[in-house]
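Next come the structures, one after another.
In the two assemblies presented below, subunit A is common to both, partnered first by subunit B and then by subunit C.
Take a look at the complex of A and B:
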């Protein structure tokens, strides 16, 4: 009886193990990339808006503060979107005949709201609050990125639970002085760790144990 | 679970004709704690005339807050110095008068409150964006700007370089403010 397995099959057997491992790894990698890539998370993807509103023009070029439009961000859980009246304070005069700004005037004339599409939308079982973050020294740009360079608004973070919890475990990595919260060009200093810990004590930031408790965000 | 049958702020609703889930209050509704009887404080007027004193106490911290709020809500048009040459004006908005015009330097403080509350000519009202007491703080800061620009040269320089609220106002301005504001300054 001739040999069933010739010496070469040793290599084939080893090879096939490698192939299986690679295939498995590859599938996982593809799965991970699809799941965490912008395809699933919509990070870096700007949704279509009724008016192509540009933070780049309004914030960077015209130097308007976030709070001029997002008035309630310091005092409530909700940052607030500007009512049509806010747009009209300027656009009753500038770009007052352009087609781009026509929906603003339509809204003003008819009293119907402008239907903005949400860029960030947490699931309803998560509780989030802007005012606590802003008042404890987390800047807009830490979570929203360089909004002032976005011709159309998009998201730079997944808003997944691990993103929130990563920071809640070690907030000192991200805390800045309160006076810099609205400074979109703020850069963390080299000694952030020391500064962050000092500010945590100064602002009486809760400890990681409390901040990672499930009921902090799911209440 | 991701989308529960409740409304988040500003959510659309097809129940109401105007498509909004948020309902306007019925006219003449007075919410608890919102009965504003202090006429001077909430309208800036007494018997139809602009008041010329501060109905709330203005401390140094209030001035700093006034400066911060001014830079957010007024400087896009009026400029950080109040000279009426803000960024948006450079892009074509009608130029507002400078705060250093004689007429505005001598205007009673209630006038500034009234302009913010009810708007003025081409300028819209800021009542929905700036709460009542902040409006008085902004008014106080404008007065400080006016005094600093018309006062000794040294003060004018400080106002040009003040960018952070912490270094808001120097004592000389405060003393003058004290006189101008009828001693309301602590």
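Take a look at the complex of A and C:
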């Protein structure tokens, strides 16, 4: 009777254990990296826009306040995308003949809005309100990052639920004085934990239990 | 030395197939060789010699598996609306079948673990088979809660893992406890079954008639050579696994009963549920063991190995656990009256006389009245009759879950919440489909693996057929 297995089979049998472990681990790792990487989250990915609009230029170089364009951020769920008229307040005078700004003048002439691609698009099953965040001391840069350093606009956060819940559980880590909400260069002080808790009480921010209720965001 | 064909040896074996009766676990005349050849030989039977019952049964069950696949595909496309469930009856067939299947699995663990620790001689011929039955029943059971999810493709949300939602499963929900109870049970049962198979897989490797079979069983045998070191480790591992499985016999159905008992619905919120569910599980499990081994031992002419002793002992366990279940019913009725709770007493009255009253009557008939015939030794030794009673008990235990799930949900606290439950064709197709899946798995199992533990049968031969089981571990 011939031998059923060659001597190498022992090594193969033992090695197969490692292969199984590596395959399982590898599958999990690939899944994790895909799920958390920018391929899924679009973090650091600037979508193509009809005009290569630079927040860096408008915010940092020109010093325009966020609210000059995003007018309804303090009063509405929607921060507001500026109408062509807002662009034209300057661009009827500056760069009034540049090719780059041609779509603005086309929009002005035809009355059709500029077709921007949304960078921060939350799923429709999420209720989100800009005004409550801004009025309770959550700064623009907390979620949107340093837009003054973005030649093209991109996300700095995943907008995943764990990212939302992370702050809703411990808002005192991220809250700042109302006067600093639009200060893009704001830096958290060393006593943020104490200050944050004091501001939470002052602004009557609800407790973590209420803030993480399903109904708070899924209405 | 050329490999002898065990099939030829099986056909040539001169040990007569006679049932030695209720006193012995093995017919006289068997030797180490004859039990090995007989059990291994059934696996190596050529197709033309395969029992007709196997071929017809396997074909029918395969057809039913396709019904299951069809029913599940339609379910995935259209959603749980195709079932008869609607608020207030959100549970229906899916949960009835889940509890029923998981209960059936319990006999396997009880036989392989508890009877092993208790050194019962009649465990040996049926343990492998009952463990396989457990695995397939758990597989059927595990399907139902997942199919019952509105979005079954998100079932992995039941497992705790660092999700991008930063949400964890609700640890206070008994439905979540089920996830862990059932997955632990399935895993331990699988490991226990496989470890017990290893020495026999080596026997199969050594007696397989073809090279590819030898290789297949050889890989599965994990290099078992039967050295004293191997046996020493094997015995220790098996004993440890038996110890590990023993609490599972009690814990799994206890936790399943919590699905009901933790809630406040009349008829569910009862402290007797855990023990009475465990007894019911073992009751239905032994009924299923009998339902399956009686035809198989006859098709494969195994009456000399699965003897009247096994059938009678299983029937006795069925009778005993059936009485515990009957006690549970009387206690439910007693507390419905004694609590003075109007909802509880209405629930019980409605259970007996309401629109589903006929199911309760049938339940008492199937689970309590008819099995009392097993008190008589003549009935226990009448194989066709025992088989019929085992079927009746299977039906009765299914009805018990129907009564618990449906009757309580249709009559909630407020009459405005009352409803009616009528299962649809899809409910029935899915249920029958899992029955087909279960039976097909059993058929494949007896065709591909030794359905009876060969080396443990050799031990029985060693002890003169009286089935004295050697102590598993002596300090």
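Following the convention adopted for this analysis, the second predicted complex is superposed on the first by the 201 of 219 C-alpha atoms of A that agree within 3 Å, B and C clash if a C-alpha of one lies under 4 Å from a C-alpha of the other, contacts with A are read in each partner's own complex, and residues count from 1 in each chain.
One rule holds for everything that comes next: a contact is a pair of C-beta atoms (placed from the backbone, for glycine too) under 8 Å apart; a residue touches a chain by one contact, two chains touch by 3 or more.
Small disclaimer: the values here were computed from a predicted structure and weren't measured.
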Checklist entry - Looking at the overlay, does A:165 come into contact with subunit B only (first), subunit C only (second), both, or neither? => result second
Next on the checklist: Touch test for A:207: subunit B only (first), subunit C only (second), both, or neither?
Outcome noted: neither
Next on the checklist: Tell me the contact category for A:5 with respect to subunit B and subunit C: first, second, both or neither.
Outcome noted: second
Checklist entry - Given the touch rule stated above, what does A:48 touch, subunit B (first), subunit C (second), both, or neither? => result neither
Item to check | Dominant toucher of subunit A (residue count), subunit B or subunit C | outcome: B
Next on the checklist: Just to be sure I read the superposition right, which of the two partners does A:93 touch: subunit B = first, subunit C = second, or both, or neither?
Outcome noted: first
Checklist entry - Across the two complexes, what residues of subunit A are contacted by subunit B and by subunit C? => result none
Checklist entry - Which residues of subunit B touch subunit A in their complex? => result 1-4, 6, 8-10, 12, 18-20, 71-73, 76, 87-88, 91-94, 122-124, 128-129, 164-166
Checklist entry - Quick one: in the complex, what on subunit A touches subunit B? => result 62-65, 67-68, 71, 78, 80-81, 83, 85-86, 88-90, 92-94, 111-113, 115, 123-125, 179
Checklist entry - Okay, in this complex, where on subunit A does subunit C touch? => result 1, 4-5, 10, 13, 35-36, 158, 160-162, 165-166
Checklist entry - Inside the complex, what are the residues of subunit C that reach subunit A? => result 1-3, 163-167, 205, 211, 214-215, 218-219, 222-223
